[in-house]
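Across the two complexes that follow, subunit A remains constant while its partner is subunit B and subsequently subunit C.
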Partner chain A sequence: MKVDRRIFLKTLAFAGGGSLGFLSSPAPWHIVRDLARWTQNWPWVPVPPHGQPAYEKAICMMCDGGCGIKVRKVGPRMVRIDGDKDHPLNRGLICPHGTAALQTVYGPSRIRQPLKRTGTREKPDWKPVSWEQAIGEVAAKIQEIRAAGESHRIVCITNNCESTVNQLLERFLQAVGSKNLVRMNSGRDVRNVALKLMQGVDGDMAYDIENAKLIASFGCSLLEGWGTWGRLYRSYARTFADNPVQIIQVEPNLSITASKATQWVPIKPGTEGALALGIAHVLIRERLHDEDFVEKHCFGFEDWEDSSGKGHSGFKSHVLAQYAPQAVERITTVPAKEIEKLAFKFAENMPAVAVGGKGDGQLFTNVYELMAIHSLNALMGNINKTGGVFVKPEVPLTPLPPVVMDEEAARGYAVDRLDGAGSAAHPFSKSLPGNLKADEIRMLFVHDSNPYYAMPEQNTAHELFEKAPFIVALSCCMNESAARADLILPLNTGLEKWDDQIVAPDSPHPIYNLSRPLVEPLYDNKDAGGVLIEIAKTLGGTIAESFPWASMGEVLEMRVQGIHETGRGMIASPDAMAMLDRGLGPEGSLSQQYPSFASLWKKLLEDNCWFDPEPHHGPLQKALLTPSKKFEFYSQRLKDAFGFEEDAACMPHYEEASLNKDGFDLVIMAEDTLTMADDGKDTPPFLMKQLSDNVLKGNELFVRINPITALYHDLEEGDRVIVESPRGKVEVRLHLFEGVREGVVLIPLGFGHSAYDEFLRDKGVNANEVLEAKTDTITGLPIWWATPGKITKV
Partner chain B sequence: MSTESPQQSVRYGMVIDLDKCTGCGNCAVACHMENNVPFRTDESDKSRNMAWLRIYKVKNGAEYPHARVAYIPRPCMQCDRHTPCVSVCPASATNYDKSTGLVDQINTRCIGCRYCMAACPYMVRCFNWWDPAWPADAEKYLNPDVAPRMRGVVEKCTFCSHRYIQAKNRARQEGRNYLEKGDYIPACVEACPVEAMHFGDLNDPEYEVAHLIKSPRAFRLLERLHTEPKVYYLSSHEWVRRWADNDAVNTQSAYSQQRQGVES
Partner chain C sequence: MRVISQKRMNSAIMVAIFLAGFVVFHFIGRYFVPMLAYTRHEQPVDFSHVFHGNDVDMSCETCHFFYEDGSWSGIPTLDVCMNCHSEQLGESEAEKVFVTEYVQKNREVQWELYFRQPQCVSFSHSSHVKEAKLACETCHGPQGLSRHPTKYIVNRITKYSYVVYDSASSTIGSALVRSPEENVWGTMGMDECAKCHRARGVSTACFICHK
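Up next is the complex of A and B:
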């Protein structure tokens, strides 16, 4: 159409008139108003519903530290977690993992129903199945293996928590015919061996840090998750009190503990044991040690003769001859003068405890280092003394009744463990998952642990999950190990399940933590105990007879009766704790306060924790069960087990860690951080938020080196580099930090997950890929805290 | 209230003892749980991620083994005078409450111009570049006392002002028109495991904070800007105090120091 003047003007008039009409109508106002409303209405932004408010106590199950928590509920939802001020271990302090635990409970990596794998282990597909089918398949497989007479090839890898669930697992395996409950290794394992060798006791070391005036920590990450976090932070807070505790941190690098300790003693990596012996030298030379205790209760201190009349040199002459401060300075680089000062400081601040074990303890050291550190406690007579070292007392639970075993069970149970723990080669260890061989296993259960990711012996772990014929995972989350299972039996998390903790790590008080469901299970999941009971019932026969209970709650109720019968201790209720704080005991004994078991059980369900504020550790003799009935500086058990000819091999001594290798000029050290869960567990997104952008940037992980190391290697901040060890190599970026020792590459643990959710998956690299695990000859535990390495620029 | 002079009114403030702080991050995690702060797959871009309370790690710059670090938890500074974000906001979305000194953010008023972010000298404020999204069932842990924000608005630490309102309501129910000590504590202070954080009325000698701010160890960040922050820090180390950047003479070098040393 041709637009002439007339049409043009007409159109203009219509348009103008229309606009004028529109503007004089209310429409523009309505549009502006609606637009404004629309910009502020986002129906997909959630509106958290209100509901009946409640606070309930519970136990934090993010690690096995056993802190008490208080959960805020709104209707059926749990919305916040705080510390429980009435829990004797942590008294209201919890770590950020506990605070963020709800992100895991409601997180996307939870498994929601039993799953059966259809694809390959590397590329799995999952088919939801019913609980009946899943349990039926597990039972059928066990029947098949038992029928073939191979029940001793059923293995279960579990966490290192002391709990009724683990005892039920052990029981289940025994009823089926296997000894192979294999716990993931933790710091407890190596400390237990040191205790066994020097004090002869099968048990846990317990440090009375609440009453100590000085804590000498040889490389322990006290503020990064060692033992019970809340308990350690309470002790750290005491460094600011009117009557302060001193923390001395011996460590190569400036960790949080080192930077916050009263004193940081920088040391050459792997020489902590030598420093302990140097301190022992000064204590003995200056006669600062507890001569009375050493004379009466110690064996192998002075030179001695055995029954055949052969002379042996004692700890005293051994230490005086070899560990003079000048000699120790050459080993450790700690100035001789400083060693003298440390010894005096240690002796002047009694009671003091010396604690050892790198990281949370899981970065194992050789057992002689721990023996050297523990000998400081004995030298000062701090065994079984307030503010010293105790043997962990037991919780008086009703023991589980004897297991009923049929013929196949008895046969299988008589066969030695597959991991060689307790064998002639490793007589003092209880569990060595690194020794498992895939071709010896017919069926592998993995309970609440993540060996595929977390085992230092990565080759073994990967082979297990490639070759084990049938893997059943009992897990809450889709971790690396569950992702490679054939069948997943999904578990409830800590806040939805019946569970307990029998040992609070390193605490001299007997503490029993009971965990009960605070909410209905979120998904079609069960408790581990309940699953075992169901499998046992399906299997029938003597196995079902060994599991006469209906549910996990029933098992726990039965066990707690033992506590009621002893009548000792108290429930950690607010009133009782308030009395305790005022220096008063609880009103009457446990049996006076709770005459009937039902009343005790009800109270325990409410407050979750029983403990004994005045534990009876018994006489010193109960803590010294060695062949000589004394504290042994010379371990006769070690001599009997390995037949060492040299005296030094049975005594604490320094062995050089082999960190030199041709072609590798640096030392790669594992770094235990508070932010990342390093035992294969989930790290909640809010902790990932805490990471600096010089720890993780995008998906790239940073390792830390000293600026001088960087200078020598022509490297700069932020460089992309390959960190290589004899074991493997990883690509990372560099962050320069003056707190790292020269020649050390510090790589943080807990990154590089291939499973879990998008918030954790593929972030950085797993340090285990470069850290080489060497087997300790005595304990059989992997030594993997450091490895020779080198850096090349990409 | 109207008869009271500003000096007499309640001024809520915080004192953080950096000698005690271990940088554990529990304050920040508790804050983010309490205030429904969203999270994303990549949290490493600190100019885009959301955090109401950040913990800065600073170092003394000395060589090994004299190197030391300190951690500076940084909530909103709650500036008391010429509050920069309040004076620039064109939508009155950020509000200074004269009766308490709390600087609050009213999300539904915010038009997302981010003028306040430019004005804030402490980089406290975060902009919602994306709609908050909680995966799977994570919405279930959201706190009903705090509304999740929407895309296109600025948010920041409010000293948990919802807790103040709740405390006031509770007091009123009990027939009081004043708050008692301990009635109102922000989530971060409550969560600190070593009692490094203290909270209360800076004008009321009943509260510990009123005394702590007079300590010779006390300082504030960027005092030279005279915004009178109500968050005080305590440190016995001169090098930590230097990071507060109060040296009017050397402002230039302070900026370059910050570029080199602060690890956010």
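Up next is the complex of A and C:
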């Protein structure tokens, strides 16, 4: 049809009228409104389902700190975590990891069913298998190794928690015929050795920081992961209270703890032990120490003669001769006057505790450093005293029944540990994963830990996972270690499983945390305890006899009966805690409050925590089990074990850390941060989002140096550099920060994962790639707090 | 007879065409577009509020109640229904469908929800019912008097839903558009919320609803 002018005009008139007509109707305005509302209901935006809300108490299992949490649930789904105000340790405070813990439950790196590797360890393919097949294969492998008389070559690397699961693992290995339950090292290990050497006790140090007036921290990251975060943050909060505590932070760099402490004492890296001895010098010289305690309960303070009549110099003359403030100033760079002041401050604010173990406790210079720090506690008589240092008390759980062993089990169990812990070379250590050798292992279990990533002895770890003939990972997430296993037995996460924490680190009170499933397991996963019971039953014989229980819940119920039988302590219920806060005890003893075990068990399932506000530490003699039955400034055990001729070698003394190496002009130090999980576990995405652009930008990690260091090396903010050590090199970027000591390169731990989910994988570099782990001659533990390094611009 | 000039005639035709366009599109905008924009769904189960409330003499709180923490239960889940309906009660077809299709299969009824606010709005039943003492009917209409589920009418674009209690209302969309405050209740828009807040002297600051 030909469109002439008339038709065009008519069309125009119709269109014009139509437009006006449409505009005069409500439709266009409603469409605009509807489009705006449509943006609020986009179907691709996930909406949490509705359901019945509920709060349930639980235990945070993100670390072994033992904080109590309150989980908000909507229907069957957990939606939020808060601190539990009624938990005696953290009283409502929790760290960011605890807050973000739900992301590990619902996160994408969970393993959803048992998996069998089909590809190579470097490029694995996974085939889902049934639990029956997975457990059958593990049992068959164990049978094969036992038949070959090599059960002592079965090794299990596990986490460092004090838990019934770890006891069951130990029991399982014993029933099979192996002593090799190897715990990942933690900050407690070196403190345990110091305690063993000076007090003769096999156990953990416990600090009564709640009642201390002063906490002298020699490099401990008190607010960044040392001990129980919730508990230590409460101590920090007390610095503002009516009855305040002072925190003195001795540390080379301005960490979060240092920035929040009452006083920060910057110090030359690795010389914390010398400063402790300098303080001891002033205390002794000015007779500020507890002379009565030292005289009655200490050995090796004054000069002494042994049974053969040979004279030995005592701690007093050793310290007075060598650690005068001026001499210590030359070592530590802390002014002599400041050392004097620190000593007076320490003595005036009794009770005070001196705590050691840099970072989260694992970063120590040598065992003498810890001995030097602990000697301050003894000098002031603060052993087994309110506000001082205790030996951590036992929780009165029913012990597991004796293990039934067959002939092969007895043979294998008699063979020494493969990691050399407890041997003549390292008599005081209990676990040394860094000493494991792949060619001595026939089967390796890895339980709830990530040695491939987290072991400071990275070469050993990598060799283990390359060469160990058969690796079984018990893990809830696909971490670096699980990714290199032959078989993965997937575990429930902390909020889906039966588990417990037998003691909380560093607390002088006996505390028992019971963890029960808050939700049905999301996937076809099991509890570690349950898996062990099933493997034992499949193996049959004496191994099955050693595991008579049906489930992990049953094991825990049996153990808690021990608490009921003692009738001591209280359940951390809101009522009981309110009474305690008012200075009143619980209404009646535990047996009066809960006459039947069933009532106690029910209450414990609700409130998750039993503890004893009156710790019953007993007489001082129970905490002094050395050969002299005294606190030993001169450790006779050390002398007996290593035959040191020099007196100083058996006493706390300062040894210079060897950080000088040709061609390396800087010191690379590991930095423990609160945000990042540095034990190989995953850091939840919420926390990754907290990192500022000068910590991680894109996938690039920043190391921090002092602007003066940068000036000398012609470097600027944001430069891309190679940080190199004798161990290796990594490419990172630079952030200049005046709080870092000159000559130090501060590299944060917890980055550079090659496993887990997209939020964590390939973010930055693993600091362990440049930090060189040396072995402490006495403890056998890795020393990796610092390493020589250099920086070159890319 | 007056002779109309060709020119005038043409002008009149143009005006007529213009008016025709106006009327047609105004009609489309007023009646046809709402018909397209809104759709009706049937509720999956024929539920009678009157029967439960009057004949069985249950109180509203049996199914609709506040949890301990003050949050609102909303529409009951199958567990609540199963307190009475674990087995078939009576012979009605609706009951038979409910028991065989949902109770016996332990399948939640996917009720179409009339009043859900979008995620950007933080709405608390507690503060409106307990603090402001609003009657349920103020927002939900006489839902409690329904013998059969009222038709679920939803806007295709927004997913906002409406209830028309006036059964004579034939053109759904137009009813919604024409008389929203008379016989139509539904997902509250910001205007309705703000209007009520203003009338009662309650703050209309953004953060009151958008946390």
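The rule is short, and it goes like this: the second predicted complex is superposed on the first by the 752 of 794 C-alpha atoms of A that agree within 3 Å, B and C clash if a C-alpha of one lies under 4 Å from a C-alpha of the other, contacts with A are read in each partner's own complex, and residues count from 1 in each chain.
By our rule, a contact is a pair of C-beta atoms (placed from the backbone, for glycine too) under 8 Å apart; a residue touches a chain by one contact, two chains touch by 3 or more.
This one's a predicted model, so the numbers in the text were calculated from it and none came from an experiment.
*Asks:* Using the superposition on chain A described above, determine whether A:Ser25 touches subunit B (first), subunit C (second), both, or neither.
*Replies:* In the superposition, A:Ser25 contacts subunit C only.
*Asks:* Which holds for A:Ser259: it touches subunit B only (first), subunit C only (second), both, or neither?
*Replies:* first
*Asks:* More residues of subunit A are touched by which chain, subunit B or subunit C?
*Replies:* B
*Asks:* State whether A:Asn768 touches subunit B only (first), subunit C only (second), both chains, or neither.
*Replies:* neither
*Asks:* Output check: A:Asp693 vs subunit B and subunit C. Expected answer is one of first, second, both, neither. What do you get?
*Replies:* After superposition on chain A, A:Asp693 lies in contact with subunit B alone.
*Asks:* Between subunit B (first) and subunit C (second), which, if any, makes contact with A:Val45: first, second, both or neither?
*Replies:* both
*Asks:* Using the touch definition from the top, say if A:Leu35 reaches subunit B (first), subunit C (second), both or neither.
*Replies:* Second partner only, subunit C.
*Asks:* Overlap of the subunit B and subunit C footprints on subunit A, residue-wise?
*Replies:* Correct list for subunit A: 40, 45, 47, 50-51.
*Asks:* What residues of subunit A sit close enough to touch subunit C in their complex?
*Replies:* Residue list for subunit A touching subunit C: 6, 9-10, 13-28, 30-31, 33-35, 37-38, 40-41, 43, 45, 47, 50-55.
*Asks:* Mind pulling up the subunit B residues that touch subunit A in the complex?
*Replies:* Residues 19-20, 22-26, 28-30, 32-34, 36, 39, 41-46, 49, 51, 55, 57, 59, 61-65, 67-70, 108, 131-132, 134-144, 147-152, 190-191, 193-195, 263-264 of subunit B touch subunit A in their complex.
*Asks:* Using the touch definition up top, name the residues of subunit C that touch subunit A in the complex.
*Replies:* Listed in rising order, the residues are 10, 13-15, 17-30, 33-34, 37, 67, 69, 71, 73-74, 77, 118-120, 155, 157-160, 177, 189.
*Asks:* Which part of subunit A faces subunit B closely enough to touch in the complex?
*Replies:* Its residues touching subunit B are 39-40, 42, 44-51, 74, 77-83, 93-96, 99-100, 102-103, 105-108, 110, 223, 230, 233-234, 236-237, 240, 254, 256, 259-260, 264, 266, 522, 674-675, 685-694, 696-699, 706, 708, 737-742, 757-759.
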